[in-house]
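The first chain written gets the first letter, and so on, giving A, B, C, D and E; residue counts start at 1 in each chain.
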Amino acid sequence: MAYALQQLINGLTLGAMYGLIAIGYTMVYGIIGMINFAHGDIFMVSAFIAVTAFTILAAADVTSIPLALTFVLIVSIFFTSAYGWAVERTAYRPLRGSTRLAPLISAIGMSIFLQNAVQLTQGARVKPIPPVLEGGVVLWDAPGFTVQIGWSQMLIIVTTVVLMLAFTWMITQTPFGRQQRACEQDRTMASLLGVNVDRTISFTFMLGAALAAVAGVMVTVYYGVVDFFIGFLAGIKAFTAAVLGGIGSLPGAMLGGLLIGLIESFWAAYLWAEYKDVATFGILCLVLMLRPSGLLGRPEVEKV
Amino acid sequence: DLPVAIAGPMTGQYASAGDQIRKGAEMAIADINARGGVLGEKLKLEVGDDACDPKQAVSVANTMVNKGIVFMHGHWCSSSTIPASEVYVEADIPMATVSTNPQVTERGLKNIFRIMGRDDQQGLVAGSYIADSFKGKKVAVVDDKSAYGKGLADEMAKAMEGKGLKPTLREAITAGEKDYSGLVTKLKQAGVEVMAYGGYHTEVALILRQAQAAGLQLTVMGGDTMTNSELVTAAGPAADNVMFTFSPDPRKNPDAAPVVEKFRAAKVEPEGYVLYAYAAMQLFEQAATAAKSTKYADLEKAMRGGTFKTVIGDLAFDAKGDQKAPGFVVYRWQGGKYDYAK
Amino acid sequence: MLKMEGVHAHYGHIHALRGIDVEVQVGEIVTLIGANGAGKSTLMMSLFGNPKASAGRIVFDGEDITRVHTHEIARRGIALVPEGRRIFPRMTVIENLQMGTAHADPANYAADIARVFAMFPILEERQSQRAGTLSGGEQQMLAIGRALMSRPKLLLLDEPSLGLAPIYIRKIFQIVKELNRDHGMTILLVEQNANQALRVAHRGYVLQHGEITLSGSGSELLASPEVRAAYLEGGHA
Amino acid sequence: MSKTPTSTLLSVRNLTMRFGGLTAIDDLSLEVPAGRITGIIGPNGAGKTTLFNCLTGFYKPTTGTLRLAHPSHGEMRLEALPSHRVARDAQVVRTFQNIRLFPKMTVLENLIVAQHNVLQRASKFSIAGLFSLPGYRQAEKNAIERAAMWLERLKLTHLADHAAGDLPYGIQRRIEIARALCVDPVLLCLDEPAAGLNPRESAELNELLLYLCGELGIAILLIEHDMSVVMNVSDHIGVISYGRKIAEGTPEQVKNDPQVIKAYLGEDEEEGEAAA
Amino acid sequence: MSAVVFARHAMTPAERLRDAGWVAFVGLILGIPLVGLTTVDVGGRLGVETRFGLLVAAVAAVFAGRLLLRWSIDQARNRKLARDQASTATAADRAHGAQKVVTVLGWVALGASIALPIFYSDNRYVVDTATTVLIYVMLGWGLNVVVGLAGLLDLGYVAFYAVGAYSYALLSTQFGWSFWEALPVSGALAATFGILLGYPILRLRGDYLAIVTLGFGEIIRIILVNWTEFSGGPNGISSIPRPSFFGLEFTRSAPEGSQTFAGFFGLDFSPMHRLIFLYYLILVLALLTHAFVSRLRKLPVGRAWEALREDEIACKAMGMNTTNIKLSAFAIGAMLGGFAGVFFAARQGFISPESFVFTESAIILAIVVLGGMGSQMGVVLAATLLVLIPEFGRNFAEYRMLLFGLAMVLIMVWKPGGLLAHREPTLRLNPLGKAASNKEAA
């Protein structure tokens, strides 16, 4: 029981992490209508930026944790957004209006490029930082097993939920969100209505990158170790989460992330850890067979 | 010029190992050339990047054959070494490798010389050590599903069972992930205190960090990959709980002292595979000098027959090409350095 | 208000407009007629710089807009009901209408939406339905409503009656006249139903293979034998 | 135009189609005679296209039956068939209100694809096709001839090798009809075929429809808002409003039905004041 | 009717400088965290190191590069514009011209690939790299059926490649099957997997399909990794027999009762013989694939695939069974992938799950898209590029993959429709060149 509870906490944290990255995915999807394969690598870049920022702070003897976190978040969001902007500008904008697969391929190219650029400039070695947010609360001191939840775990879960709500509100309720969706559905028409398509798309990419930056900082805080390869697996898992929840739906992305986190954690806890990814993808297939547009995705009814 | 080559993961996930090999080989070549080269010719180093991908490894092998190399040090990943060696053997190129999978030398190829021990040997050493030192404790055997990791973990488990210690858990993880809290929780639940691990150091660092956060005291026993000092940087003080098997520390080899100094002066810590790469080049130098030729047949004969004094100690090979006295030793990290475990 | 001088436009290698001279005065209704593929829709789109004129000049309200970005042209007060409707299928009806106000004064919103709903009551009934599931005619109404939401100075209508029931076609032409008369809106109209279009228009142009071949007042064109032969015969409009 | 009475080809009985709370078709019954042109008119959003969608298997009706008296296969229940079988087995073929061609393929290819089932059968799981056996070659030749015939008939021959998507709207409409004809329909359902055509082209369309029905005996179900088309070619017209049939009869009868005028045609028949 | 066309607005030098300045500024921002700063390990902890010199140099390089790039792009555009204006070619002529170029290119490529081993008969590397190119060409052609023609986004194509490779490896090592016996069986097995995957996910569209196929690819790989008894697990399968030349082995000495290739033809033994044989083998397989796919494209199935890509709903309205059409695309694509896998296993002699990772799928997909979806020659071009770029990159050591990624982006941006985007109709009413003269004939 205590064991299950602890695994639940593990699964929720992991799921929130996936969800956070998946929200960025889905948001960018909502505007270019194409999976941005480089998102995972933007996330990786942000984690490196966070590590550098933390290291600078450590060198400057900053000890206040809230202060440090705020500083790192701001720095990371700033630079990572710049990366998001630049990636869109160079690898996607020139491809507007060509086949849907063209940006997918340049995204894959971009992903390879970013990975290697970071490896070259920052080195192939893993980058650790000392634990930032240590400790937590003991939830249950069961005999022989204490269930605890770390501060950083709480931070991740809360951040994900808050950001999910905020961005959902933005996309569904504000004129800017409406313009974003319009850009995805018909860019020409949007511009005929006076929407600055380029700016809207650029800004969305920056927001997506900012979300990745938050995720990058969280990863750095929680796991304390980053390397140039973390974008890949995280990207694929988050992509899966986004699809499971229904691409384009932010609550869906979070739900998908949580679900995958829980499946992974419980499958590994009670069944065969080595087949946990098979379980994840298997459940994904099952869900999609029953609901072809994901859990919270709106079914695509095409009127003929 | 005499072209000789190294090959390994210069890019990709394991690029830090490739880096070590390159640094070691570069220094060796510089030193050899400073001594006047081999048989009067200067050595020229070719570097091949296989990213630990078997297909690329074959491609690298072919490039190297074309460049007319006379000696290869590599590859690093067993899964690359195995297919690449088939190319080298056809092209009559001798190779020295640090790949530890038994298959590397079990296929009857004549051109392979392993300057490192085998996974079955190090698994035996590690497993027996666990069985002897942690009697009555609960031990989990975990691997990362890589050819190397799984092979090593299997051997450790076998050795432990041979000595009557049955692993409490047998688990596998996916390398490259970041979250091992699930595994940690499972270990904690099962009351495991010792983890025998087959895989790379990066995962061990994460597992240790997360174990510490979860309040689990874990001792880890790993293999040759744990020599990487990244482990210490990444795991912090928890690295002191890591033990591993490796050939006797070449840095302790008194003969190696000047070379070690040189590396340190050049800001390179001669850990892991650095000195092995250096030694591989020495092996070639000495074999060629002894054979007075760089022809395959002569080199092969010289290597198989001779004993070579290198920075990693004396090298001699058996019929399969395995090092005769690999002698694995158990180490333990302590305050950022590793040393023989008591 | 609008002046096109020697405008050329291309789609890749297809030369769709070949030196168009068109002028629209403030407060006029001008109609364009021409066969399928003559370039009517292209002409309207090229006003927005989509495709950009490859030669010539387009002046709107005294300003050269030939090289101005599409969205900025729209913000100067030109609205288009495009060929093929181009509603946003995955947005609701009301959101589609709101898209029409991207650069309009929010103060007018309530009044504008009320006006559109009064014109097309069915849209009010369907306001939270996804636009993609509307019937063809409903979508057409939505496209027209959306264009009106921004209170444009110049309204471009590309076959607005397409897919509408006769009763609505009547209404459209009536609306066109009303907007022109009561709100002084300038209107450029493309219609297959040349008869009716020429009737409401002050002036008209005939477009053939990307060139203007004839122009004149609505009644002149209606009477012109060439126009009758090419575009009016056969129909009982 | 006095025609001898013919048998019923399609009979729609108590058809209802709901989308969530919205009832698009409400207990509609309708008979479509063989070899005749039946017009369907009604205000926007009346449910005309939805009727086509139910007929051709794109929507599953909430309730109701669609019986087709197929001249060679006997009675078929269309509501039970998936859309491809409606076209293939029942030979009920439609066009779309929003043109749906295969835009990157040429006009000729569009028409050949429409003959997929015949050709596929002749290609014997592609084996005969792969080796270009005579049986397949003949089938392919026939298919091209048939396509060419319709292209000629619809004055599209000179455009045969153009990508369909790049052509003007009016021409795409004609291609869509030609493509539907290549499927060899027993019942042809046209959804606003005259939309986007100018009066002259509409007149040509009328001729074509009369030819199809008169000479080839294809029954046509025609949705159209262009009165110059419906009123001139239809033998019989059904009027739908809010999913219900509000009137039915010959063009004359329908034209003068006060309910139809009120809901659909509009009050005054005069042409409106001339522009100032 | 004069076709006066604007000269493109020429940039003034000041504008060029401003443009380059802006790009350099962005470069500076991007460069600060990655180039300007780096963390290094100092005594078991990280410390920050600055590299502002490098950063300044990088920014300067960006500035200069941008100036140069902008300038050369403008030049190229103006030249193209001038050319377009000068030419009076009609669209049909142009299509004809493009078609001709592709045809000529095809023959040249064929000639070159047949002649290659003759000119490089002692260059292992060239022959082997060419073999790799051909494997990718074949994979590209296979995936082209699924993605390029049928428009189904498949991110897990490598699964079929793996099925083919493992089937051959197991059939040959466990049951002693020869290459030629195993080839059709493995292909059929891969096709079966294609149908197995295809069936449950027929309703899915676009990106949903993409993720499920990606997942399928991963599932296959994970099973191969974990099911050690069956697949050898992470160790893979080694010592896979090489195909023989009609029973003649490519070895130095043959076992009792059989002959070696070299012995039979009275040649000196050379390992190159086998390499060249393998090369021709894959060339033949690839050509067969090409003939097969090209022919299929002109058959009802092929046209149905393309129609399906264009508009599924219209397909249904034409009476086409879209389920079967999709399945046939999956099955045939999978079968071709399976054949490529068999060859891969036979050539490599060693396979392990590491060869069948997602990146591989991504590269095959990139070949199809970069080539120009649906274009057979495009696949050849793209496969050649994507294999050769990293090979040439070997000279740049650690910059290799960086350049590879960059090249992928640049090619895509340069040719958004793919290298050969022209689509040749599967049949014409009025054959090109003859124009409308034979209108009556039809």
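Here is the rule we use: a contact is a pair of C-beta atoms (placed from the backbone, for glycine too) under 8 Å apart; a residue touches a chain by one contact, two chains touch by 3 or more.
Protein names from UniProt, one per chain: A, E = Branched-chain amino acid ABC transporter permease; C, D = ABC transporter ATP-binding protein.
All figures in this text were calculated on a predicted structure; none of them were measured in a lab.
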{"item": "For chain D, the least number of touch steps when starting out from chain B", "value": "2"}
{"item": "Dominant chain pairing [most C-beta pairs in contact]", "value": "A-E"}
{"item": "Centrality ranking, top chain (CA atoms only)", "value": "E"}
{"item": "Length of the line joining the C-alpha centres of chain C and chain D, rounded to whole Å", "value": "29"}
{"item": "For chain D paired with chain E, centre-to-centre distance based on mean C-alpha positions, whole Å", "value": "43"}
{"item": "Between chain E and chain B, distance of the C-alpha-averaged centres to the nearest whole Å", "value": "35"}
{"item": "Multi-partner residues of chain D (at least 2 other chains)", "value": "49, 58, 96-98, 100"}
{"item": "For chain B, residues that touch 2 or more chains besides their own", "value": "11-12, 15, 145, 172, 230, 233"}
{"item": "Per-residue multi-chain contacts in chain A, two or more chains", "value": "116, 119, 123, 125, 128, 130, 274, 277, 302-304"}
{"item": "For the chain D and chain A complex, residues of the former touching the latter", "value": "49, 53, 58, 96-98, 100"}
{"item": "Complex contact set, residues of chain C against chain D", "value": "11, 14, 29, 35-37, 41, 83-84, 122, 126, 129, 133-138, 140-141, 159, 162-171, 173-174, 177, 192-196, 198-202, 218-219, 230-237"}
{"item": "Contact set on chain A toward chain E in their complex", "value": "29, 34-35, 45, 48-49, 51-52, 55-56, 58-59, 79, 82-83, 85-86, 90-91, 94-95, 97-106, 108-123, 125, 127-130, 236, 239-240, 243, 247, 274-275, 277-278, 280-282, 284-285, 288-289, 292-294, 300, 302, 304"}
{"item": "Touch list for chain E against partner chain D, complex", "value": "92, 292, 295-296, 299-301, 303-304, 306-307, 310-311, 313-322, 423, 425-430, 436, 439, 442"}
{"item": "Chain E residues touching chain B - in the complex, by the definition given at the top", "value": "41, 43-46, 123-126, 128-129, 132, 225-226, 228, 233-236, 238-239, 271, 348-352, 354-355, 390-391, 394, 397-398, 400-401"}
